[in-house]
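Which chain is which? They are A, B, C and D, in the order written, and residues in each are numbered from 1.
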């Protein structure tokens, strides 16, 4: 394992300290327990949005803390859910008296840890579970689908609605709706290496890729021979269109998200391919995003997300945001 | 420990017992840390050993505080410590298990039936927290068979606990996971031991060894 | 070679088309010859800033085209200088009548191609050559130092000055001054693979890194055993402080730039280490930037840049910018 | 071609000559594309073969237009085409060389002295454009020795061109580069042939072969 680090044990605290120093105009960083809050928290009368999850998906979630998006983020160890003490401390730091909305990716660890924190909280708490990963079969008796890159879109849209003064119930409903209107699937060309483990999570041959990869290196639908960008786009966009039931004529947001080790050059090329396929399905791409937003350490690969838009969601997507990773409007 | 009713352990006795249990659990998890993560790498995300070690390091670090408590409160405190330190799925699961077991009574169990009672409380908490049950290829596939084996009132409870745990662990190999990260693999999760089942087996062995000596 | 592409031959055009579609609010993309201009070009009476260079350093340079930074960028083939026809077409598209400033990284190919274009241009043209790479010995009879990540800083600061109405001579002087006030050095943990070549440019053993790497995979000062983030920061910051003669008490911009394949998690950790070392030299870090800005395809590694700031440069750094990669103020 | 003065080639003759030169140059660059990039991978950025091939593909594609021009204008047009298509360092260098040689006179050279004149003009242009000279481990370390060898008026000019080019190429192996990307390697650039020197050798061989047949 080669990484630009001092040691796996100190990496998180050092990285978070660096993040706090670079973005001191936007966030406050607390190191024990670890959580990141927007500079001007708490905002009286505003529902506080809190997300979190294992580290290794940067800029998600700390990079999305700030005006118009999250009030706080709780980073866990690499690929490991944060713990309730972090969440409780974050809740106390950002609670504006209007309730707390947790945005949680659907992994057993994250779900249970946030659940315990919510049980311990004093005020009203609601949770939006994201589960946009098309690679996993949805089924009632199982864990269900994973939350992946659409989490970013949920956080942006719900964050904008919270900034506008939406109440807890409506924000929860909006988050659930955006999640349901989204689908994602990813491919990996290489594995990532968890620093504490020191070894690649899996191995792929020089001509293989994993179709339907998870953002922690969980295996996907199947291992296949390398495909072209166009063939990948065709399979993924097709799967999402089917599952989310996107009909010809609908407006969508198209996100091509890098897993961390794939250069922008390729991501924009994959976007070009995905846009072509989406248009072939009759979709109108009215909003786009390309870059590394929901990553898997240094994994080479990418995911494609489609979210059904309407006028409200589009306006919320466009609404001003000031975070380390998103800055517009 | 015998299978017969004994006088409740005294406070001093509890302290020694709790200290021994903490040391034994901490020791086995630390020793098998890499093995647990290795198992998790095959069907999960490779961190189970590190998660558990982080949790039991914290429990060991708080041993002075924990051993000063009555047995039930000590269990609960160890559970809270795990919850606050482990992260991942195993933290809330083992944490809720200990917290629930700690609520059963303040005194240490003195009969096999009381031990089973604690185990049942722990199992129920895991099921509730994990929204799961046996057959999903998780720690429950060790904890439940062990509780059941002890419920039958075996002559050699410690040996029975160890043997049923070992057999139950091995049985997770052929299971297809439906809960936890391994569930994302579907059929491909078969052929590997479940890491949480393995850590449960280790903890049962460690507890058995302590009770054998006490 | 595994890449998310259709073919090395179509990659550039597809990627640029994707870039143009995603950032249609900011840029126009021309595919034959290839160049990118800001949407509102030409700006009458404004000096036009044009940069360019081989593809593979994304988001540089096309990601820096827009209000407050570049008027145009000319992407060459991967790691290959663009050609004069692209530059001439770009000049014609953005010429506002106040002259053209070329910002060129010091590589033989880039220098000569931009030189030929400048010779063919009708109006006044000046060139700022960036050469901030401390890894290369400076010497009059040789090629001289490479232009690397400080190019981004030069483009931002000079871009802001151009937006404010600076004239050609003063912009050229400013660019030269910022370049001279900057030093950079990088490390590589892995090689990159040029798509057309299909093979890694070099190989490093599992415990080796290259200290002083160039942004095309050119070898650096020496090949060494893996170092910690702190040791890397110490060597690089020390080399820059010496060469740029940064004195205790001076204000600097600290840029930790990823080479493409290193996750943000590590970059922020390296920033923390670099900031510590810089402070140890008595420097005051008044501006910071962390991320992938001047990359080398999917290479794992990072560079550290220090630029001496003064009140004017700081104000120009903070000035509003609206490009695909930079958006603030 | 002989070393003696001949009647100037007619327009039709020029067309055939130019066409043959284009075909031969295009052919050798295409054939050796990967070898050139391989050499460049060792001490540069691995694209020299691809750069040159892109350029000569364009020259070949424009052959109809180029062959219709007088010899000098044809050289210049080929040079412009290289400049506009190659990119990298070799584009402006080879391009400027051909553009300068094309300016010497409109007619094809008919004596060895006239050939040397063209070569000198080309070499001067490379030196000026590249701000370089012999000894920097570049194409100049082939072009200059070849021009010098021909200037001496050898009995077998084509053989001499080929032999001096081959020897000069080999001599670049031990040189330490001070210009171009290879300069960034310093001492480590020694031990490898210069890719631009190799492409110059290939082009000289190709031109010699055409002239041999004409």
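To be clear about the criterion, a residue touches a chain if its C-beta (ideal position, glycine included) is under 8 Å from a C-beta of that chain, and two chains touch if they have at least 3 such contacts.
None of these values were measured; they are calculated from a predicted model.
Enquirer: When the centre of a chain is set as the mean of its C-alpha atoms, what distance in Å lies between subunit A and subunit D?
Expert: Chain centroid spacing, subunit A to subunit D, equals 55 Å.
Enquirer: Roughly how far is subunit A from subunit C, centre to centre by C-alpha average, rounded to an integer in Å?
Expert: Roughly 29 Å separates the two chain centres.
Enquirer: Quick one: report the Å distance separating subunit B from subunit D, using the average Cα coordinate of each chain.
Expert: Once rounded, the distance between the two centres reads 77 Å.
Enquirer: Any chance you could list the residues of subunit C touching two or more other chains?
Expert: 78
Enquirer: Does the chain-touch network form a line, ring, star, complete graph or other?
Expert: Chain contacts: open path, no cycle.
Enquirer: What are the touching chain pairs in this one?
Expert: A-B, A-C, C-D
Enquirer: Can you name the residues of subunit C that touch subunit D in the complex?
Expert: Listed in rising order, the residues are 54, 76-85, 107-109, 112-113, 115-116, 136-137, 139, 141-143, 146, 194, 196-197, 199, 201, 214, 216-219.
Enquirer: Could you pull out which subunit C residues touch subunit A in their complex?
Expert: 2-7, 11, 14-19, 21-22, 55-56, 58-59, 63, 78, 187, 189-190, 206-207, 209, 226, 228-230, 232, 256, 260-273, 275, 285, 288-290, 292, 295, 297-298, 300-302, 327-328
Enquirer: Show me the residue ranges of subunit B that touch subunit A in the complex, using the header's touch definition.
Expert: Its residues touching subunit A are 37, 41, 44-47, 50-51, 54, 83-93, 95-96, 129-130, 178-181, 183-186, 188.
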